[in-house]
Amino acid sequence: MFSKNIQQKIAFHIFRLLSFSILGVLVWILGFIIYNGIQVINWEFITAFPKEGMTEGGIFPAIIGTIYLVIGSMMFAVPLGIMSAIYISEYASNQKWVKFIRIMTNNLASIPSIVFGLFGMALFVHTFGFGDSILAGSLTLGILIIPLVIRTTEEALKAVPESYRLGSIALGATKFQTIKNVVFPIAFPNIMTGIILSVGRVSGETAPILFTVAAYFLPKLPQSIFDQAMALPYHLYVIATSGTDIEASKPIAYGTAFVLISIVLIINLLAGWIRRYFEKQNPK
Amino acid sequence: MKHTELEIQELKIQVKQMWNLVIAQLSKTKIALLENNTALALEVISQEKRVNAYELKIESDCENYIALYSPVAVDLRLALSLIKVSNTLERIGDFAEGIARHTISQECKTIDVKIIEDLGIEKMIDIVLEMLLDGYIAFETENTKLTEKIMSLDIQVDELYKNGFYILAEYIKENPLETMCALRLIIILRKVERIGDHCNNIIEDIVFYVDAEVLKHNNKTSLK
Amino acid sequence: MMIEAKNINFYYGNFHALKGINIAIPANTVTALIGPSGCGKSTFLRLFNRMNDTIENAKLTGECLVNGQNIYDKTVQVDALRKNVGMVFQKPNPFPKSIYENVAYGLKVNGVSDKKYIAERVEQSLVAAALWDEVKDKLHQSAFALSGGQQQRLCIARALAISPSVLLMDEPASALDPISTSKIEELIHGLKEKYTIVIVTHNMQQAARVSDKTGFFMYGELIEYSDTKKMFLNPENIQTQNYITGRFG
């Protein structure tokens, strides 16, 4: 057969080809959406309500709705997720119990998002009687991302060297003071990155909001957390599949996709930037 | 200053104190001998215990210093030389005491003063005192430029000792009744000569400490 | 006696880590604990600020006394104990905060809020740790900007700030270069005027240089405990002699 050096060369070339092709797919998707979407992007598109059965006008209420949902779900998921993670990684002494919780959160993370949507509808919309509302949607999205927040927070806490904890405890600090004053601030940049990534996830999810909050069209912005709201991914879904005039609203759909992708991209870049910023502040 | 350096300083101070004591002993011995001063001789004899105590103290402090601080280079040479110097000083103290004991013996009351002058005992003791003091200065200033002088002084002491030998031989022939006294004098001369040799050893130890050179058993004239 | 151990036995699960240790350490002395790796000297050191408490399946019998008080008594509050018994670790572990905040940390977590007092203690502690002159112009810079040796002195200052009476040091200079090491040793020598210091070290010369008393551990037993001078000139036990002369193992 071939000599080992030739084998190596062949393997490298195959790997390179594969990685380039993945990059190619990404560039293609982005290029396609940017090319089609950027044509409809203007100030009005971002700041106006949809008009003419959503074949014209803007996507302003969808942007605002997505922002509300992000804020709402974060307000619910972040404290809960971080506190659970702190309990699991710092306090819980029963390792079997911790293992069980960890398996459960991982299972939660792998449940399809449509199931969350149904669960949210059953629990929040009907049982709790919130109706289709920002509250119900935020809680559903929150449950969806709690596993992500827990896992990233746990990783971030685990990455804090034990010597800091010992150093603090040895000065007479309690465990809680140690976590609050030393461990958490050190872990914060990594936790922050996890939170920002989950913001990206929330802003792009369609299924969980489908039955819990999203409205096809609303003539005005939501006034309270018990109102329905429009959201970018759902808006994209309806105008592309069940609009009044699918062909006519196509440019709007591309524009919406462009805005959505831009938001997710910006959030990801922001996550990286924040991590680098804090790492500079706290060199390990 | 670091605490290890303080330990060294402390050791050096002790050695200097011992040195001063030995110089005082020898000076008193000289006066006791020349002036036949029994009281002073007795003082020298009683002070000898202090010299011995210094030696023991310095020796054990040096042991501790080496054990605890693992000295190297100049510190190690210093610790080693201090042990040797304190031993040597103690020997010099012994000789001074020995001379003092001869002074108080009752057998030589009648000896005539002239023979002591002829022998140059005073000069000999003065020379070894100078050697001892020069050694002290060399140690204190950590400067070995006095080495050559000390060594040449030792040669002078040796010459005086050799001469004294012949002078006393003549003296015994002429005054057979004074033989006992004369023998005592030769012992005293011998002790002073030995003190000179010891001063020589001390400067060799100081050269080892300061310059890290070994002069021992070298031909003295080869010294630069 | 500042620190006393009475018939201490300590187990990690089935492993008998410390076997019948008895020791009495006088106040205002430096005591060095030496011995081969895994001999139990660090475990022993950690008993005195109860850093072993969190280890699972650990078991302790016997009495540990600090200032006459059995520190494993139920009435003893562990954070109050640790305020009195400070600890410095092998690797410098300043918090990712400013130099000032690092030293003030112990005071703050122990409920001190008087800013003037904190500022005074920070200065006093940094002076005591021989670091003040090097950092007084950059107190609000990150502690990570300091060199390893400076960081370790900062950790010592941090421990001193809460006015302990005992300072435990677990190989405080083993991660440092020789010059930093000698500064730390010099510092330890000076600190014994006010504190009782117990230092674990792998470096026998260091033990000899800094300590007044030395304890030699082997296989979980305290083989010999005596004045450092005696230990290094004339050890009583043949195992001690073999270890300190390098003939062991």
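Order as written gives the chain letters A, B and C; numbering starts at 1 within each chain.
To be clear about the criterion, contacts are C-beta pairs under 8 Å (C-beta built on N, C-alpha and C of every residue); 3 or more make two chains touch, one makes a residue touch a chain.
Everything numeric here is computed off the predicted structure, so don't read it as measured data.
Of all chains displayed, C has the C-alpha centre closest to the centre of the whole protein C-alpha set. Contact analysis places A-C first among chain pairs (by count of C-beta pairs in contact). As a whole-number value, the distance joining the C-alpha centres of chain B and chain C reads 50 Å. Per-chain Cα centroids separate chain A from chain B by 93 Å. Chain A and chain C, compared by their mean Cα positions, are separated by 48 Å.
Within the complex formed with chain A, the residues of chain C that make contact are 49, 51, 56, 79-83, 86-87, 89, 91, 93-96, 105-106, 108-110, 142, 144, 155, 158-159, 162. Residues 182, 186, 189-190, 205, 208-209, 228-229, 232-233 of chain C are the ones touching chain B in the complex. Of all residues in chain A, those touching chain C in their complex are 93, 161, 163-164, 166-174, 177, 181-182, 185-186, 281-283. Listed in rising order, the residues of chain B touching chain C in the complex are 2-4, 63-64, 67-70.
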